[in-house]
Amino acid sequence: MGIIGMGRIGNVHYQNLLTFSDVHVKTICDILVDNSWKEKYTRVPNLVKDYHHVLDDPMIDAVLICTPTDLHPQITIDAARAGKDIFCEKPVGFENKDILEAYKVVNETGVKFEVGFNRRFDKHFDKIVEHRDEGRIGEQQILKITSRDPEPPSLDYVEHSGGIFMDMTIHDFDMARFITGQEIDEVHVFGNVLIDDNIRKFKDIDTAVISLKFTNGMLGVIDNSRKAVYGYDQRIELFGSKGVARAENVLNSETIFVGKDGSLSDTPMYFFLQRYKDAYARELKSFFGAIRGKHPVACNFEDGIRAIRLAEAAKRSLLSGQAEKVAEVE
Amino acid sequence: MGIIGMGRIGNVHYQNLLTFSDVHVKTICDILVDNSWKEKYTRVPNLVKDYHHVLDDPMIDAVLICTPTDLHPQITIDAARAGKDIFCEKPVGFENKDILEAYKVVNETGVKFEVGFNRRFDKHFDKIVEHRDEGRIGEQQILKITSRDPEPPSLDYVEHSGGIFMDMTIHDFDMARFITGQEIDEVHVFGNVLIDDNIRKFKDIDTAVISLKFTNGMLGVIDNSRKAVYGYDQRIELFGSKGVARAENVLNSETIFVGKDGSLSDTPMYFFLQRYKDAYARELKSFFGAIRGKHPVACNFEDGIRAIRLAEAAKRSLLSGQAEKVAEVE
Amino acid sequence: MGIIGMGRIGNVHYQNLLTFSDVHVKTICDILVDNSWKEKYTRVPNLVKDYHHVLDDPMIDAVLICTPTDLHPQITIDAARAGKDIFCEKPVGFENKDILEAYKVVNETGVKFEVGFNRRFDKHFDKIVEHRDEGRIGEQQILKITSRDPEPPSLDYVEHSGGIFMDMTIHDFDMARFITGQEIDEVHVFGNVLIDDNIRKFKDIDTAVISLKFTNGMLGVIDNSRKAVYGYDQRIELFGSKGVARAENVLNSETIFVGKDGSLSDTPMYFFLQRYKDAYARELKSFFGAIRGKHPVACNFEDGIRAIRLAEAAKRSLLSGQAEKVAEVE
Amino acid sequence: MGIIGMGRIGNVHYQNLLTFSDVHVKTICDILVDNSWKEKYTRVPNLVKDYHHVLDDPMIDAVLICTPTDLHPQITIDAARAGKDIFCEKPVGFENKDILEAYKVVNETGVKFEVGFNRRFDKHFDKIVEHRDEGRIGEQQILKITSRDPEPPSLDYVEHSGGIFMDMTIHDFDMARFITGQEIDEVHVFGNVLIDDNIRKFKDIDTAVISLKFTNGMLGVIDNSRKAVYGYDQRIELFGSKGVARAENVLNSETIFVGKDGSLSDTPMYFFLQRYKDAYARELKSFFGAIRGKHPVACNFEDGIRAIRLAEAAKRSLLSGQAEKVAEVE
């Protein structure tokens, strides 16, 4: 298979693929490829700059699209037309027209398509779903998601991020749907800039409380911050008529020190590369399982679009100050 | 001193007063008083039905008002005019006109007046305030309150409760102000009936997610449920630029059992009488400290009214489906 | 009833008795009684120096013996002959001859006699026994007790304490029997002076690891330290064929602060007066229940002697460096 | 490099080596090698039955010895004489004469030699050492190790295991030295058969409490069981004058379910392959770092022998019923 886009996340996937005995990375594609890359990627036969080389190669069955978001739809369309199965990083695109075009082509060509919502493969969150599926939660009533980054991205990144809802909360919106198995009807946002005033330049915010009303009547809330000094804060709580399941943070170690000031546990894992290390590996394993027909794709194109619809509704709510309905896929 | 109203909460206070060596309960007043009460309250000299007997007694310096809510304002007015210091259970009243009249009389007479928001005296929540005051939280950014009862009240109680916001969330509104030391500007509610359909008869709800926007720009959320099968769920989390303080539930014991299914900790304390047992005693101790001039009243009339204003805004938001501004005291 | 000996522990009991509506403290006896005591103990009719005044009073049914340990046997004998039910602080005495004489008299007179092993009334440890009794532990295999004081007693106290095993570990020995419901056959001690060298003057130690072999074949270990800077460390773990029950420390609050260094929980309660506050009250409640015939005495004279036999075996083991058999009661 | 012995642990190392970009497994040696192995080990050029083929290969710099224990000394001697650096699984041998002979040859030839005490590479235990090294523990006073397997090995395994102390406790003895950085002077054992009577046939036990006296005066205790129904129980606690560091069990997930019976956390990781997965990888990484001269070997031959001396002392103590001195290396 081939990888298109070798930034941070492309390399995460590449490292995981090295440990898979049944997957062969034939080509890596990145606009920055030069001769020095040969030393770094000794196990990869081809290093190219133009992704069409990947798509034209009949030996390549599947591609990972890890480029900047604005390129996702076009590469998806080209890859689908070339008959490749596709794993595409989130979000599936920025422009709605492009996204729906890519969605249409994927559906027409019938290639497998998976969106990279890595948190679906976190074993701790998975355990909540297990509790739910085994009936221990009972009727679902309240979902709570805490999602705070350890530090804000660079302002340069913020400028092209699509805003906090499209860049960061989109994961939480996907989790809200994944954890409950329910759709969200309405969204209300209180948001503010409390961390870095510079973010106002991009009409973005860094702190938010996002309330959710689900179509089945249950309620939810997501709270986001771009900066938690103690590390990546990723907790989910699903409350229902029979009890509550809570996924707590994963710590750097299970060792505590008790001294005269109290009992000090270790910090949460620093950020997504640490916390979701295993999830990224399980995600790819699942994708290859899906394209081999072992099970359906874990997170499909529609899931990708629905998360975007939620982000759009959140953006509207922030501007209107009122609750907003979530739009349909098309 | 005297106690007016000997229902459940009146008796809680009475039991605590027995352990105070420097406070003497001279008179108990309740419309249900009859001869059989003499056996139960052997240490109390007077048992009366009419609260004016309490107010006319020059030996009585202070009264606890523990009657149904609708009687609070009139008794407050009469007690203030009689020069008694007053401890009044929450809420301070239902009708705004009556409340403001009582507020005015209390201010004019200059008697001490404390509202019974018992959670302000919980040592676990107090510790959050200590962390905040000592600067460990840094700039406050997000407040989260989880407040779930173990079981819904009787429908009969619900009918006269003033609705979930006035009866239950009012405590959380007061805590939101107490924990942060900030005022709330705007409130948004998503609410529903997910536990018992009968509650719809009273146009009430049993499950709610209430978002808060504070005047200093920080955000917050309260989630309420009338039924948590695992017991009283009372957690607060205050997040800021330097860290987060979290008060977890208090368990029936610190003993865990680890077997083949995992590690089982004990249940949270069942309800407010258990969880806030010590808080009720500290509350009264504080009231008597205040009337002896040792420190200001911990929770004054204005605090009582502000909590009501928040409950009113929540009610409006539930009806309008939109965020609502919180009204001023007067 | 009457209290003989009004040092620290006598006062703890006195405070608890004030909250009992059905027990009347008629006389307090202490060699230090003078006129100033009247102001402090306004609710107690008689304040005397000679304990015979207590025993001669036909209105007094029961006595609490809270004097220094060396006086316990003689007062017990006199009280038993006077027909009083007796609650006696631990240990029941120092000299074996005196103890056995008191034991004989108590048995002959048939008065109720309870030893003050307060930890039997701690709800957290009780919960372990509940797990055991309900069969969740299965066959008992390993008992572990951690018992560390927050700070060493004064050297003056150490001199008259009877040594660490008789003063401190005696509680743990009683707990070892109480938690398991089993007798101990053999004891091995490794001990040392690691905190304060001055303690060597009294041939005492301040740190110990005490292994236990029970008559039913199960094993155990107690570790003791006279100084844990983080507060009173009182944990018990009972491991068996079906699982393990663990009583953890009780903290000053359930509030944690998570900052850049990790998650800081509160300190354990400082010492026995804080940690066992409720246990002391339950202990006396149980004693009065027993003398009213509601249930057997919770901790009888034989229990008091068996704990001493274990302390004696530990002392022998420390000297011999070898495992030592535990002697019979008589 | 080459691997000699491809049982369970040989395969664990092999899987880890696949992810190392700078180590090449040239030869695998096992007496069971046959043609079918070629399919399983496609990336390994040579599969042989006789370990001399490995030692004779000048392209091989280092070997992992993962054979049954009784073969360790002879292969070590041959490998050292062939100039190979050696990683040898624990224990380094059974017969003292053989072990010392191998020790001598390793010293004479100057090859690098590391013993496979994998727990030294567990990040949770490492954190205790970090607390100690940074002075947070203060003067070390008490070490406690809980080490319980989820289920007993087969009786066939027990027969050739060398007994519980040589097979299982040997890890704990090594940890006692590693965590404290101190040597142990004396050992006392209470042990019993409480899980499976069949183990008596081999004069072995399945449950033990092992007290330790260190040369620096500090004390310790290890408790062992061959069967904890809740999973692998691996906890260490180091107590000193400034505080205590505790490594708790690592759970299968950080998700808890709170229902009417209380709060259920997940089970501990099942056994050593799960719990020490990362430690095994770090162990090999460290070995290859050592043979490349980046740092000293993390666990040398002397460490391997000292752990055996402790196991021998424990065995003597079990037989004598008394405390036993620990012998010197030679």
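Read from first to last, the chains carry the letters A, B, C and D; within each, the first residue is number 1.
The criterion applied here is as follows: contacts are C-beta pairs under 8 Å (C-beta built on N, C-alpha and C of every residue); 3 or more make two chains touch, one makes a residue touch a chain.
From a predicted model like this one, the values you see are computed outputs, not experimental measurements.
Contact with subunit C and subunit D alike is made by A, B. When you average the Cα atoms of each chain and compare centres, the chain farthest from subunit C turns out to be A. Look at where the CA atoms of subunit A average out and do the same for subunit C: the two points lie 58 Å apart. For the pair subunit A and subunit D, the distance between mean C-alpha positions equals 40 Å.
For this pair, subunit A with subunit B, the centres built from the Cα atoms lie 42 Å apart. Shown for subunit A are the residues that touch two or more other chains, namely 229-230, 242-244, 258-260, 266. Taken together, the subunit D residues at the contact with subunit A in this complex read 18-19, 21, 123-128, 131, 136, 242-250, 252-260, 266. On the side of subunit A, the complex with subunit C involves touching residues 229-230, 251, 258-267.
If you check the complex, the residues on subunit B that touch subunit A are 139, 141-142, 144, 146, 148, 186, 188, 190-192, 194-195, 207-209, 211-213, 217-221, 223, 225, 227-230, 233, 239, 241-244, 321-323.
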